[in-house]
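One chain, subunit A, links the two complexes that follow: it is found with subunit B in the first and with subunit C in the second.
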Partner chain A sequence: MTDLVIVGAGLAGLLAANLAARRGASVTIVAQGRGSLSLSHGCIGLGSLPASDLAPEHPYHRAGKHRLKPAVDFFLEAAHAQGVKYLGTTDSVVRLPTAAGSVLSLHFVPATLAPGDLSHPGRTLVAGIQGFRDFDPSLVAAGLRARGVDAGSAELPHPGPPPTRDWYSTDIAARFERSWSAKEVGRLWRPSLDSAGRLGLPAVLGLTAQDRILSALEEALGITLFEIPTLPPSLPGLRLERALRRAALAAGCRLLEGSAAIGRIDGRSGGARTLGVSAVTPAGPRTVEAGATLLATGGVLNGGWRAERSGRLHESVFDLPIAGPENRQAWIGPSLFDPHPYDRYGLSVNVNMQPCDRDGRPFFPNVFACGGILGGADRRREQNRQGIDIVTAYAAVEAALS
Partner chain B sequence: MRTAPALAEMCLKCNICTSACPVMAVSDEFLGPKAVGPQAERFRHPRAHVPNASVSWCSGCGVCSRVCPHGVPVTELNIQAKGKLAEQNGAPLRDQLLARPALLARFAGPVAPLANAALQARPARYLAEAVFGISRSAPMPRFARKTFRDLEASRQTEAPRPSARPAVAYFHGCSVNHYEPGLGQLAVRVLDRLGFDVWLPPQGCCGLPLQSNGLFEAARGYARTNLRGLAPFAAAGTPILGTSTSCTLALKHEYGAILGMEEEACEIVAGAVFDFFEFLRDSVPQPLDPGSLQPVPMRVVYHPPCQLKSHAIGLPAYDILRRVPGLEITLSDSECCGVAGTYGLKRERYAVARAVGETLFDQVRETAPDAVVTDSETCRWWIQGLSGVTAFHPMQILALALGLEENSPRMRRPDVPR
Partner chain C sequence: MNYPSATDVLVIGGGATGLGVAWDASLRGLSVVVLEQGDLGQGTSGRYHGLLHSGGRYILSDPTSARECARENLILRRIVPHAIEDTGGLFVSTPADPPEYADEWFAASRREGVAAQEITPSDALRLEPLLTPEAVRVFHVQDAALDSFDLLHALAAAIVAAGGHVLIRHRLERLTPAPDGFLAAVASPSNGSLLHIQARVVVNAAGPFAGRVAQLAGATLPLALGKGTMIAMATRLVNTVVNRLKPPADGDIIVPVGTVAVLGTTDTPVEAPEDVRIEPWEVDLLLYEAAALIPSIQDHRPLRAWAGIRPLYRPPDAGQTETRRLSRAHALIDHAAAGGPPRLVTIIGGKLSTFRRMAEDTVDLVQRHLGSSAPCRTDETPLSPPPRRFHRLPDRLESLGRHAAEPQLGLVCECELVTTEDIRRALDLSPTSDLDDLRRDLRLGMGPCQAAYCAYRSAGHLVRHDHETDAASALAIFLEERWRGVRPLMWGQSLRQFEANRRIYQDLLGMDRP
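After this line comes the complex of A and B, so read on.
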């Protein structure tokens, strides 16, 4: 028997686990693999719109925007305690280049990414590393130039023999941690720096030692350095995922990794309450009895809800209905980069973060939801995906344990 | 149930497995779980040659399957591809030997002092490396003179016997039977103290070493023997406990998912098998509460073996040891210790296996604990041999907390030739 079972191990699920453990609850996380947090840029966006512009059913309103500050503070503390430092404030944004040549506005960013803010003066050199094909510096530099930043690009050599297979960002990170010295790299790179005022590199400066490696390189090169998140594996996302998972385990949370969850309803209560979930483990289903269940399963792309050909939309653990038109054509926008109605689909919750039917009645008193499974927001356009994860996790844990 | 190759279609190439693979992190020889698994699967055909031998670098630790968010059985695909390679190219005599620990021990056990002296002697290890390709540097356990089954002969039974107390069956595995009978006897005492009668069903090697070395047909033979021996216990509702996390994973999952055993007993047995601490945590009605445990003033690093994590039961030993007063536990940050059963014992893999373990060995050096605690025997021997810090099974710590051991338990150190 566990106080709280959390389904999902992305930003919302892992943060909720840490929050609940901090409040003294026993926590079990059931996760089908690692969340897409480890594929992400690892930054925290709180959104560009004022709260008054958001619909009343928006997750920010449900969770209570006054919870944003304590929720973010808790997040920062948890990440810092695991050696992942963030910089930023809740009321200003950092504008960072992406590997695809675009720019994101974010509120909290890892310290190694922060100097990439577009407002920095001086010439920026964006550099790739020879043999690493997942990062195109010229694409990034072109994107920066289009936004008025004086930027150039280069491919820098690396110490040691050339790769004998494709290098992933993690392979280079391991080399920075184990074999390439800052001195050696500095000697190789210095001739290519010209008059650059700062150097942007793909985020490959180690999995755990990024701060130390970055300052050693800065010292060796005599220039400001920053990381730019790459295609997956994305180190800033991996570092954050790892930090929150380690913190949860160290706080005593139980993690059932690699198993799907099926909700269990208490028959004796006439279907009024839930008993927890069945975890589908390699040995078959094993029961995880819990006082409360928190759904942190993500949106449709993360498996939190599913769409059937019949047009039925349903949540994937308790099979709760998701409101949406039966006509499948109505789910998607006219073209790929348009807004899509399905972006806003998801569970609708009350202020206690309990999933509710269309009349606003909770399906179960002891089921709660947070993060991407919640409907009512277009996270991509609002740029508040992480803000929603963090504040709804905070509100849901508060409600589930009260 | 959908087969592993069919599930390969679920792969989105997200690289979550790539970034979690401990072998890939230290070796360029291995193209990675995604590349040799779901990606290569589309070029495989039941009657065609395995197109790329890189898959042989997979240690089978299982992390890729566990972290996949789309349910792709990456490890299972790769182990099957390794089996195909072995079939295609033939497995060397060395693999055939390492894959049969019970057979080895049957010859070495009666002459244990001699065999152990040989394992310790440098010239013999050079010879074993030159002739068989068994790394001369890999730590090796000692053979016991008397097997666990002989020592506990009165508990052997072909079917559950009537008893006043609740009964459990013990799957001891080769390591307890041939190398560490004392650990098995301690398990029996712990269970007895907690109010259980312990029976020893007929059983042999679980077959996992054979499976890991690609010798599927032989592994299926072992699996059949075990299913026959364990089925009466499972059918009678007697929980089957194991202290070796890899044997229990084989019984729970791999007989069906990798070896493709179709016996009805396969599913019944899988459902009845529990890791020793999983059972204590989840099924013992009177939980081991901190008030009833004696203080064990030690600082330890707990390293959960990969095979345990693949059970998806959390870290039951950690959950229980956290209740022991005075015990200070640091959780290992490492995905894998490197040895992965017999992988690290092979001359050509030893360096990679050791490099995989470096993250853990570094943590052990920094933490400077009194001991490392880990459930799996091969991890324990490997970590103890290479880090120089004594490694215990978590049960040995629990036995201390239950007052079953007076002094600090002392395991013999595996012999590392110097």
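After this line comes the complex of A and C, so read on.
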């Protein structure tokens, strides 16, 4: 028996686990996979729109605007305690270059990315590592120049013996951490650099020791350095996932990995309360009894809800209905980069973060939801995906433990 | 580019028909120019299910076509073996199909010269384990998979090697009768300026666009356009072509093509060649019908859907017949004979499997206009594999096996094994730097992830190849094009994959940001 079972181990689920443990609850996390942080830039966007522009059913309103500050503070502290330092404020944005040469505006960014803030003037040199496919400096520089940024590109020689297969970001990070000396890499790279105010590198400078590696390289190269997230695995996101996971385990949370929650346990006497979840784990089927259940299963990408060819939309663990048209053509928009109607699909919750039916009645008194599974927001357009994860996790834990 | 100012034969349309005509005419000593408004394989020839017909499909409904298919099947195996995978084919009758049809079909197959051999349903299951265990009768035929991209490139290379011209991305703007044939005005892709080509005979092989070409020449051409929708499943579910043994209908075939299996096809009348939008009912119908042959199809992921436009000649007396009932045999129209402009010939309809025969008939007619009579030689002249032939997956695996000890570096597309070297070579050979052209040459981005990684990785090569290229726009256009193919399949795993790609290209890379 655990106080709280959390289904999902992405940003929302892991942050909720940390908070619940901090508040003294016993926590079990049931996680089928790894969330989608490694597909992300690892930064925190709180949104580009004022709260008054968001509909009343928007997750921000459900969670309560007043919780945003304490929720973000808790997040920053939890990440920092595990060596991932974020810079920023809730009311200003950092303008960061992407690996395609676009610019994203985000509120909190890892310290190794922050010097890339394009609000600060000066020539930016973007350099790739020879043979590394998932970061193309010429594409970054071309995109930045098209946006009026003074940018150039360079290719840096591959440190160490030539690889025998194509490397991912994690392969290079592991070498920076274990075998390459920042000093020697700096000596190798220095001749390839022209004069610039700062140097942007692919985000491959280690998985846990990125701050130390970055400053050692900075010293060896004599230039301000910053990282730009690469194609997945994107290390800034992966570092955050690993940090929150370490923190949750350190705080005493139990983690059932590779385990799919497949349904609820009903009480023998009937009644609306659910006694926890049943799960398929690597060790076979089992039940996780809990005082409360928190769905942090993510959106359609993560499998939090499913879309069937028949037109049926449903939440994946408890089979709760997801509102949306039955005509599957109406789920999507005409063009790729348009908003698509399915972006807004998900569970609707009340101010206690309880999933509710169409009339606003909770399905269960002790089931809560947070993060990507919540509907009512167009996170991509509003640029608040991480903000929603953080504040709804915070609100859901407060409600579940009250 | 060195443009010809005069030619014996001007062919409009660079599909299998047009290229086949140009190749045949070249072999008979005529000078040829082919105009293609898009890229090779962008039209109907590239948008088909990949089947080299044994003739089995038409045995009862259209015996002429069946005989022709059977003959051409043997010829193509001889002249383009590199474009053909000899999968063999099965005709499978299920409990839902009229039992007497199988007997009639088998009897007719002997009459029409279509090789067919009955095998037991349990042998068929051993051959194709996913096949329905309820199969009642099964016949083995000489179907095969024919790679139309390979075929088109082989034809184009042969035409050019023989001194002819294949002008891609060149559109016919005007066709003016001249004393000795026609004067054609052609828009060039580089600056849109008009080129003028004097032609003694014009062959209209523009497929669904043939009506428009005829109009330019002042001729009329009544066409019936039928849209055929196909779905590629993400895995190669069968190694043999599987046909449903019943009268031709929607969704009666599954063709193994490379790493995928293609479900074909529907037949819906459309108004215009551009009407290739796929409706949900077509997708549902194809999956429903395929389940009669492969019951587990619902557990497999559809990867892409596309539609091609069948251009069928509607003879003045045909009325409003359903397009499926119009003959699939080709029509050769001498417009002069019908009171139209002299020296304009239209070749329309038919099937990819019979393109060679269509070309033969067409050039016979062309020669009558020109007063020459050289014999057709395409049936005895093998085509060399095209120089731009990067896209066959087994070749790459074999090469990986041969060089197993060497480092394998520069893989851009993991799904289709496209390397940096392939991209450089393709860019050097290609007149354009369009990622979608690279895709047709290399199969770049055609695998299960639909370009999640390779689109980004290859965009940088465009910049390095040509510094003027706007790689970000090229990338956006390519992604939009990939999206069009998955748009009709947005549920389940395809929707999840689409969302993953949006996470990468929009949220992580900010491609949608100003």
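Throughout what follows, the second predicted complex is superposed on the first by the 395 of 402 C-alpha atoms of A that agree within 3 Å, B and C clash if a C-alpha of one lies under 4 Å from a C-alpha of the other, contacts with A are read in each partner's own complex, and residues count from 1 in each chain.
What we mean here is this: a residue touches a chain if its C-beta (ideal position, glycine included) is under 8 Å from a C-beta of that chain, and two chains touch if they have at least 3 such contacts.
Keep in mind the model is a prediction, meaning the values are calculated, not measured.
Trainee: Taking subunit A as the common reference for superposition, should the pair subunit B and subunit C be classed as clashing or as fitting?
Mentor: Once subunit A is superposed (C-alpha atoms), there is room for both subunit B and subunit C without a clash.
Trainee: Could you say whether A:L139 touches subunit B, subunit C, both of them, or neither, answering first, second, both or neither?
Mentor: Second partner only, subunit C.
Trainee: Between subunit B and subunit C, which makes contact with more of the residues in subunit A?
Mentor: If we count touched residues of subunit A for both partners, the winner is C.
Trainee: Could you say whether A:A174 touches subunit B, subunit C, both of them, or neither, answering first, second, both or neither?
Mentor: First partner only, subunit B.
Trainee: Between subunit B (first) and subunit C (second), which, if any, makes contact with A:R246: first, second, both or neither?
Mentor: first
Trainee: Given the touch rule stated above, what does A:E219 touch, subunit B (first), subunit C (second), both, or neither?
Mentor: neither
Trainee: Please work out whether A:G258 is in contact with subunit B alone, subunit C alone, both, or neither, and reply first, second, both or neither.
Mentor: In the superposition, A:G258 contacts subunit B only.
Trainee: Considering only the touch criterion stated at the top, classify A:G33 as touching first (subunit B), second (subunit C), both, or neither.
Mentor: Only subunit B; A:G33 stays clear of subunit C.
Trainee: Regarding the shared-chain residue A:T164, is it in contact with subunit B (first), subunit C (second), both, or neither?
Mentor: Both partners, subunit B and subunit C.
Trainee: Check whether A:G101 is in contact with subunit B, with subunit C, with both or with neither, and answer first, second, both or neither.
Mentor: Only subunit C; A:G101 stays clear of subunit B.
Trainee: If we overlay the two complexes on their shared chain A, which of subunit B and subunit C does A:L336 touch? Say first, second, both or neither.
Mentor: A:L336 sits against subunit C, while subunit B stays out of touch.
Trainee: Put simply, what angle do subunit B and subunit C open at subunit A, by C-alpha centres, to the nearest 10°?
Mentor: Given the fit on chain A C-alpha atoms, the answer is 90 degrees.
Trainee: Once both structures are overlaid on their shared chain, how near does any Cα of subunit B get to a Cα of subunit C? Whole angstrom is fine.
Mentor: Across the overlay, subunit B reaches subunit C at a minimum of 6 Å between C-alpha atoms.
Trainee: Determine where on subunit A the residues touched by subunit B overlap those touched by subunit C, and list them.
Mentor: Comparing the two interfaces on subunit A, one with subunit B and one with subunit C, the shared residues are 36, 39, 163-166, 232, 303.
Trainee: Using the touch definition from the top, list the residues of subunit A that touch subunit B in their complex.
Mentor: Counting only subunit A, the residues touching subunit B are 28, 32-36, 38-39, 163-166, 168, 170-171, 174, 232-233, 238, 246, 249-250, 252, 254-260, 279, 281-284, 286, 302-303.
Trainee: Using the touch definition up top, name the residues of subunit A that touch subunit C in the complex.
Mentor: For subunit A paired with subunit C, touching residues are 36, 39-41, 98-104, 131, 133-134, 136, 138-139, 142-143, 146, 162-166, 229, 231-232, 234, 299-301, 303, 306-309, 327-329, 331-332, 335-337, 342, 380, 385.
Trainee: For a test of understanding, state which residues of subunit B touch subunit A in their complex under the given definition.
Mentor: 14-16, 18-20, 24-26, 28-29, 31-32, 65-71, 249, 252-253, 257, 267, 270-271, 273, 309-315, 319, 322, 331, 333
Trainee: Could you please specify the touching residues of subunit C with respect to subunit A in the complex?
Mentor: Going through subunit C, the ones touching subunit A are 280, 284, 287, 407-412, 420, 453, 456-457, 459-460, 463-464, 470-472, 475-476, 479-480, 483, 487, 490-492, 495-496, 499-500, 502-513.
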